[in-house]
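Let me give you the structure first, and then I'll get to my questions.
Going by the order they are written in, the chains are A, B, C and D; count residues from 1 in each one.
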Amino acid sequence: MRLGMIGLGRMGANLVRRLVADGHECVVYDHNADAVAALAAETNCTGVSSPAELAANLPTPRVVWVMVPAGSITTGVIEELADTLAAGDIVIDGGNSYYRDDIKHAKLLADKGIRLLDCGTSGGVWGRERGYCLMIGGDRDAFDHAEPIFATIAPGVDAAPRTPGRDGEVSQAENGYLYCGPSGAGHFVKMVHNGIEYGMMASIAEGLNILHHANIGKADQQGDAETAPLSHPEFYQYDIDIPEVTEVWRRGSVIGSWLLDLTASALQKSPALEEFAGRVSDSGEGRWTVIAAIDEGVPAPVLTTALYARFASRHLFEFGAKVLSAMRKQFGGHDEKSA
Amino acid sequence: MRLGMIGLGRMGANLVRRLVADGHECVVYDHNADAVAALAAETNCTGVSSPAELAANLPTPRVVWVMVPAGSITTGVIEELADTLAAGDIVIDGGNSYYRDDIKHAKLLADKGIRLLDCGTSGGVWGRERGYCLMIGGDRDAFDHAEPIFATIAPGVDAAPRTPGRDGEVSQAENGYLYCGPSGAGHFVKMVHNGIEYGMMASIAEGLNILHHANIGKADQQGDAETAPLSHPEFYQYDIDIPEVTEVWRRGSVIGSWLLDLTASALQKSPALEEFAGRVSDSGEGRWTVIAAIDEGVPAPVLTTALYARFASRHLFEFGAKVLSAMRKQFGGHDEKSA
Amino acid sequence: MRLGMIGLGRMGANLVRRLVADGHECVVYDHNADAVAALAAETNCTGVSSPAELAANLPTPRVVWVMVPAGSITTGVIEELADTLAAGDIVIDGGNSYYRDDIKHAKLLADKGIRLLDCGTSGGVWGRERGYCLMIGGDRDAFDHAEPIFATIAPGVDAAPRTPGRDGEVSQAENGYLYCGPSGAGHFVKMVHNGIEYGMMASIAEGLNILHHANIGKADQQGDAETAPLSHPEFYQYDIDIPEVTEVWRRGSVIGSWLLDLTASALQKSPALEEFAGRVSDSGEGRWTVIAAIDEGVPAPVLTTALYARFASRHLFEFGAKVLSAMRKQFGGHDEKSA
Amino acid sequence: MRLGMIGLGRMGANLVRRLVADGHECVVYDHNADAVAALAAETNCTGVSSPAELAANLPTPRVVWVMVPAGSITTGVIEELADTLAAGDIVIDGGNSYYRDDIKHAKLLADKGIRLLDCGTSGGVWGRERGYCLMIGGDRDAFDHAEPIFATIAPGVDAAPRTPGRDGEVSQAENGYLYCGPSGAGHFVKMVHNGIEYGMMASIAEGLNILHHANIGKADQQGDAETAPLSHPEFYQYDIDIPEVTEVWRRGSVIGSWLLDLTASALQKSPALEEFAGRVSDSGEGRWTVIAAIDEGVPAPVLTTALYARFASRHLFEFGAKVLSAMRKQFGGHDEKSA
């Protein structure tokens, strides 16, 4: 299939490489002309210098994949495509858009007869090689038309053993892509995926932090009125080799996972992770997942406290903590202890 | 009543002052002879230089209140009293002992026929004036004998309006002290009291922290791949006068409380609390409350996350946070952002 | 001052009673004519049968207090007032509106030159007698004009001892009302107040639940592969008299609070609370507080888990819990245990 | 190697089968003689009728693997082996013992010169086929002697691709077993492993529960004073096919994991999981992990709230929830809503 790609950052470029390698033809555009030239040279695809030129180089109904930062940049590209493309054409937003924006964007495009697919894309820097997990929402006919693209980008069934009981024809989901429902459904499922990711990451991090402090009984246990002394120092005398522990968990354990593989890999290179300060970013989906839980009225304490731990790692509870120390000073005369 | 007091720190000395002021006679001892001399001079009570001398100055059955740091120091005093006192005597542990230690201490003393009362004492530096809230466990007869002491130390019924429906004789609890059950029951109830205290403190602190950041929409909202931008900066344009807010909440609101009074007082003196760094100590009861919840198999997420926020304020999740940043680097190529 | 009141439910009617008792004149309207007639008869205020009639009975600039359910009903009343009132008039929304709606409503009214004050009102069914705590946002001049109304409705300085250090002129906040900032600021502060309320309520509830189960060691401790046995049943042998505990905590303790007073009152009437099933409602502000924390990027684990406990009490994690049991069955062959 | 196995439940029997299949010789004992006979017949290993007979059939230094329920049963077997075995012999506790018990058991055996290895064993019902992940603590020489057993039971390096950078000799950990440190270290690491497992399971369950309720906007949105209405029903109109979503996430996504594989498998068989009631058990390690975090003074909100969700699923917050409803009734006159 011949398709357009707008946005040639790491993700967009890797998608093009994966598509071209599987026989698709790509017409590529980025506001940075150097990125266009570099990728065109490398992959033998067609570089263009504007969305209009991109449209002119595609057969109808055109299929244009947009891979630019979520938020106002994506909205700008969508608006430009609304003016550039024609009725029947298909736009795929493969970025990390908020699913509520998909609903708005779909309406905006529908006014011109253009169809939007929202496509949550998971796989990070490894996706070019492993394939990307794709969660897709929007117009069903548009999905059917573009399905060969998704089939190429996804990992394919061989990426994992088939689930017991699934032994007939290979389904979409088994190939690594799934039509999830009307506009926004793809990014909604991707959003929840990332919420789960936050929780799983925090689970591993909290566990390793407990192992990291398993030798606390060896420290001086000088109790005072301000600090609870450790009741049983004899139970916390372990110097655990955390990189080796993450490695041993990779085989045969219940918590085997790709995130654990990556953790083992990071610790193999840098056992104490000194190159990190521990200021953990978040990039939207975790927050939106919590807001969805709140709106639905369902509890999500694990996903939420995982998110809050990131906020706290960036010292965003500092004023609240000062309030706590101030109260302790007030009722108990306790001075704050230094480190 | 004539009683002995061992431990003349702030709490012990204030208890003596309150007791003497109400007509009780105190025989006082501390390992620091200066503390004994100072208090004896001030309150017209009898200072002594050893537990044995203390015992010699008390009528039988002797009543000895122990007000020393919990843990090994309390255990040492209890062991010494086991050798010094006689069958029928009564020891009151008014400190912050773990209720499990009460059970051990009670057995140790019971071998000599001595009775232990465990007495959780709440009120902090304000108790001398306001009276202390007392939660008592142990031998019921011993409690009955010592009740006049508790009645003096407690605030008395006039400290709060009577609860609707309680219009007959004033109960123990209405006077501010309560026999809670067998050995350990007093400190168990006090422990849970402190667990609740942690949760209430954190509730106020989290709320004020949200108010503190209510002007975040005025900051530069430069989103990037590493940070979620604020979707609606127009909703976060408030510069809230937090000291005034805590003051207004003191009258007529649902969250009126002594902790709020103290918060308003602290903020009145120091609106930005610059004198605090936000490293919040904890002193045992909060931890024990969580362990009790775990042992009982009942959920206590509010009390527990309140405790964890204190741990995190002391940077004890740092290694875990590094693990999170390392994972993000691994799967997404994300570098950690500086502050 | 002569003002209009729209909405004569429990809150609106009590506000009128409190205003009339302090010498204000009220013109009252409700879509339920009986409510108008009843209140007019009782309080000697003027009942009217339409917003237009209400407007006709007020001096300019008119002051109209709106006390109707938040959401679409409030919006409807605001829209009607935009058509009924004149430039310079003042509308006070005293209900539980989302502060974001205030911003919209203020713009809508500003187009006609009408000024909106948003007023968070705390005090519940007790406010008529105790006075209400008022948090106000919007146009500053409008606030100054309407201040006598707020002064009457608020509890006044005598409702609590003055905070140490506040010994000069009595401030707004000390009288129980506070101008918090531009449109939405009042309901924003009230929203956070309710968020704190959720956390404080949950703190008490979790603590009492731990006390309720303090006798779990008396139960049969039959461990099996599916349930963790209690390691130390001897530490959980207490039958705590929870109503008496809540009473004793009311005097001299650190957790003394109005919510504790109410808890003691409820337990005094009904020690086991059999009349409740434990399905706890929530009414918006708790959710909005969490969303504010998320938007601001600050941690609020206590307020959030308090909210989630309410969701869970209404069985809204059931599908998730089934997923957990299904996983346990998969990896460990564990069958789900019945109650 | 020739070793003894005590305890022929599902785990013990499968270990024997795996050992015999790899050329080891097993002498097997269980208090249930039928279990001994059945396994001896099946695997061509030696069945015996007492620990003494087991000892008599092993070369010195004897190696005896104990695979019985943790707690008093394990302690009983250890005590019997202390009387049966001789100095230099090795006992391996492969069950789910609390690591603190290992420390006690090791001392008890050391008095007779017998060495204890504690071995955390993960893999559940799949371990016979996949191999078990083994985390081992105790005497280092004893570990070296018994290593061939661990090497057989573990999955081996081929069970997962090698971590980048690990390209020399295959380490213990890469083979799926690890010596973690002195007595208790094995079960300590296994305990934390299970704590992480709880967190990862809850992450998936919470996410799927959010997907399950993604169509809540289709329900009647009748707001009332007791329930927050959904602000934006148009954003919650999705009927998500959850079994297919779990399947698509298995390939290429960041949250790929064995637990997700099992979830997909469970949902493939039973999309609505009707056979479960959602009463989720816990079996000790999750609780102990939280207690370790508390003792160490490090935050573990994700692992802890995961545990609490299980407690809540068994209705163990009911009294607390009644307290909440009672407070709402007190301050707001709110009646509890029925389902």
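The rule is simple: contacts are C-beta pairs under 8 Å (C-beta built on N, C-alpha and C of every residue); 3 or more make two chains touch, one makes a residue touch a chain.
Note that the structure is predicted; figures quoted are calculated from it, not measured.
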Farthest chain (mean CA position) relative to subunit D: C
Selected pair, out of B-D, C-D or A-B, that shares over half of its residue contact pairs with A-C: B-D
Euclidean distance of C-alpha centroids - subunit A vs subunit B, Å: 44
Chain centre separation (subunit B, subunit C; CA means) in Å: 29
Touching two or more other chains - residues of subunit B: 124, 202, 204, 206, 209, 213, 228, 231, 254, 258-259, 265, 282, 287, 295, 297-301, 305, 308-309, 312, 314, 316-317, 320, 331
Sites on subunit A touched by subunit D in the complex: 99-100, 103, 122-124, 127, 130-135, 154-157, 159-160, 163-166, 171-178, 180-182, 184-185, 188-189, 192-200, 202-204, 206-207, 209-211, 213-214, 216, 228, 230-232, 234-241, 244-245, 247-261, 264-265, 268-269, 289, 292-293, 295-303, 305-306, 308-309
Contact footprint of subunit B on subunit A as seen in their complex: 10, 69, 71, 98, 124-126, 201-202, 204-206, 208-209, 212-213, 223, 225-229, 231, 258-259, 262-263, 265-267, 270, 273, 276-284, 287, 301, 305, 309-310, 312-334, 336-339
Subunit B contact footprint on subunit D (complex, rising order): 254, 282, 287, 290-291, 294-301, 304-305, 307-309, 311-312, 314, 316-317, 320, 331
